[in-house]
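Both of the next two complexes hold chain A, though its partner changes from chain B to chain C.
Presenting the complex of A and B:
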């Protein structure tokens, strides 16, 4: 294993720029979330005539697309810089990625805030937002592609300089995630560039609604794995070092990432199970493919707990559960991601319900789904990101995570856990009772059923308020770590292999093979149904502006 | 690639459960016919009246055989059109006896909508250009709220109706 490199000041500046946007997004998007839960409790009206769906759109776009993408790209750049290095040219490309994404983000955000894009982050046609919204999104994606190819290039250059050596594990993982992101985002990019932009500008009269939805969900599910894989990187290759252990298995980690690459894309139909225009047999095939990710997930769960136990026993903790008791619970770099891991158990179980061919119809588009992804992305993923930020930010700014900030971080993690347990549980139950997601407060036709939903909406407002306190605290910790914490050296933890570890098979780095299988699976899962969608397409849809308040 | 013995056991158990689970889903879908709705029937969203089911006089609830009903609905922002009652007022509530079989047929004249009879398995996307269709048996007595559960615009939460199942 190579010794990790040092991160130079000018490189740290690039990585930190992504972090500033991440935490600014957290504050803005979190505030929107707070306002939503308050509005939907029925006890508050939004001030200044702000539309509920404007803040809902901001919340989804800023947290789901902006925060995640900026954090991931910044973190992955840091991982690449640390493991394989970055050249001047590559750093310049990194800045291009940053500015393109930022300009796109600002364009889309302003368009939403002035009420010209109340279309939510899924922007389903034929609701039509102002063209600047779609162009902004396209810029974010194009910017991310610059990062994709820069990361590819970084590993390529390293491989050429280190012939015959296996790539550093974290660099390998980054490249897998970026390959997945690139292949997946081609779908949404095609939809935005070929369908939405010409149609929103008036050059195309109509749009094929079902095709646009299919292209969106071809991207929409791998999007969630794009969020998750950086968390897995930390679980596999960083947490073991934090707890004083070694990498469980280099080849197993690589294998699980390869499986995630293959089975995260040909699965979008499980978001479209209740749609009228897709052959149910193809829906079922994609349901089966969706469930294949259970395998790498089980591998991950095993190796994480195996690492915990091996490490604990090696450190001399006796008894059946001594190793568990002695995990570093007071180290927020461990605690926050650990809570994330635990949240993934109910999160994953809920996901199995969602993707099940039939059970899906009980919860489709109910607020159960919102409760589900607030466990997965807004707990598992985000707490792991926070867990990374606690050491990454001071490492980059040349400061230290002080005991006081560590303690605040632990308090933050607990606040988050309490708030999310309340909010997400209330959402799950309300969803099972039929309460819809993505809806402003409404008493509908009245009656007992609706009344039962409103009680849970109050609970969501309570949970949402607690979570917002957690967000403010997290932003405070970030500002401290970025600007005020005492100067010093914070470790960039990367787990090493055991001395007697078995060699990693060369096959695992055969990119042609794995990307080839990925593409073959996508072609298998999508060719015939997309052909059917095109062949059986109804007359296209003209744009609708007035339903979203545009005239 | 070397796998720990316990990990092999764990993975075999996990993959076995997964296979069993998928077989159950597949059996239910292909032998018991519990596929989610998909009929791949298209329609011109600007001229839904051309389809027999969605002519204004055919909207709403109709008993087609003993205990068998069809409900035709046209969705548009922000309304479900169940036709008119005897007084010429728009129907907002339909009533069916317990145990009846009801076929819901719905399409959209404008944007994407949802159609969920909350508390039942009736949950469909409604898309312009497509006909959504689902048959169900109303087994439980009560008032069930019909909600639009896909965002369709800024008054989306005011799009609803009621299905009453009586004894």
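Presenting the complex of A and C:
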């Protein structure tokens, strides 16, 4: 294991800039989430004639696309800076990435807030937004690509200077995640640049709806892994250090990331199982490929349990689960990500249900799906990000996570757990009873079935309110860690390998091989169905600004 | 690096670490996933 590098002040400023946008987004997006749950309870009318679909779009775009992407890129830059270093040129490129993404975010956000892009974060055609929305999103993606190639360059430079040595595990993981992001975001970029922008500007009269949705989900599923992999980075390579242990297996961690790269992209059709116009054979093939993701996910679960048990036993704890009781429960850097891990058990199990072809019809377009991704991204991922922020932010600002802030963090984690358990459980049950997602409150002309949903929507408002309290507390903790906590040194925890660890096979760093297999799988899963879509699609659709697109 | 330090390992370090708890935990995880899946499958069939 190489000795970690020191993060210079000017580098810390770059990484922190991404964090400021992350936590500002948390507050804005969280407030929109609160308003949504209140509106859907039927007991609250949105003030100032605000459109429900405006706040729904802000919530999805700001939290699903902006918060996540800014946190991930800032965190990954910090990991690269710490493990392989960053040059002046690379730092400048990092700033380009930041400003391009920020300008794009502001463009898209303003367009939504003035009611010109009520198209939700999936921006399905034929709903049309103002061109500024699509151009803003394109800038966010282009900015992220600058970060992608800067990270690639960072590892390349390190490898050249350290010939024959294996790359640091965290740098390897960052490059896998960025490779996945780049390959996947080509799909949505193509759709936005070739389909949406000309169509929204009026240069193209119609749009191929099925193609746009297919390109979106070619990107949309790996997007969720783009959120998840930084959490896995922490679980594999940072949490072991926090609990006083070692890396369980460098090879297993790398193999699991490679499998996630290969199997997270050629699987978008499992989001389109009810979509007419796609041959069921190809849906079936992509469902099978989706299920392959179970393998690296369970490898991760095994590795985490094994890390906990090995560490506990080495510290002398006996019995079948004696090691479990002695984990550092009072350390929020461990507790918050641990709750995230636990939430991934029902989250992952629900995901297997969603991706199962027939059972998808049970939950498709119901609020079960919303409950599902509030467990995965809004608990597993976000609590791990919070867990990272508790040490990363003070490390970068030269401050300390004090016992008081640690305690507040524990309270925050508990508030989040309570709020999300109430909200997500209510969403899952209401979804099984047929309650729709995406739509505003309605009694649907007094249907009997609707009556069974109302209580769960009230529960979601209660859960949403508790979660918003958690958000305010988290933003308070962030401000304290960034500006007011006492000066000092906070550790950047990176787990080391066991002294007697088996050497990692060189094959695991054969980028040509793994990216080659990834591209081959994508071509296999998408070439024929996309060709079918292009050849057999019905006439394209003219834009619709009504009922929710623009007003 | 790992290769060069391999000779230095202490004998008591390497031998089989007891991972019984891990085995049972991942088994329970598998059972939970299967129970969820079959629960939803039953619901699907019954509708």
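Criterion: the second predicted complex is superposed on the first by the 547 of 551 C-alpha atoms of A that agree within 3 Å, B and C clash if a C-alpha of one lies under 4 Å from a C-alpha of the other, contacts with A are read in each partner's own complex, and residues count from 1 in each chain.
The rule is simple: contacts are C-beta pairs under 8 Å (C-beta built on N, C-alpha and C of every residue); 3 or more make two chains touch, one makes a residue touch a chain.
Just so we're clear, the structure is a prediction, and the values are computed from it rather than from any experiment.
Contacts of A:165 after superposition on the shared chain: chain C is touched, whereas chain B is not. With both structures placed on the common chain, the touch criterion links A:349 to chain C but leaves chain B unconnected.
Between chain B and chain C, it is B that contacts the larger number of residues in chain A. In the overlay built on the shared chain, the residue A:313 is in contact with chain C alone; chain B does not reach it.
Of the two partner chains placed by the overlay, only chain C lies in contact with A:323; chain B stays clear of it. In the superposition on chain A, A:500 contacts chain C only, with no contact to chain B. Once the two complexes are overlaid on the shared chain, A:302 sits against chain B and chain C alike. When the shared chain is aligned, no partner comes close enough to touch A:235: not chain B, not chain C. Using the contact criterion defined above for the overlaid structures, shared-chain residue A:358 touches chain B and also reaches chain C. Touched by chain B in one complex and by chain C in the other are residues 298, 302, 306, 352, 356, 358, 361-362, 502 of chain A. Contacts from chain A toward chain B in the complex involve residues 51-53, 118, 120, 124-127, 209-210, 213, 249, 251-252, 255, 272-280, 283-284, 287-288, 291, 294-295, 298-299, 302-303, 306, 352, 356-358, 360-362, 364-366, 433-442, 444-445, 447-450, 502, 505, 508, 532, 536-542, 544, 546-549.
The touching residues of chain B, when paired with chain A in their complex, are 1-4, 6-7, 10-11, 14-15, 18, 21-22, 25-26, 28-30, 34-46, 77-78, 92-93, 110-112, 114, 116, 118-119, 121-133, 142-145, 147-158, 160-162.
The touching residues of chain A, counted against chain C in their complex, run 1, 165-166, 250, 298, 301-302, 305-306, 308-310, 313, 320-321, 323-324, 345-346, 348-350, 352-353, 356, 358-359, 361-363, 432, 497-504. Residues of chain C touching chain A in their complex: 1-3, 5-6, 8-9, 13-14, 17-22, 24-26, 29-30, 32-33, 36-37, 40-41, 43-44, 47.
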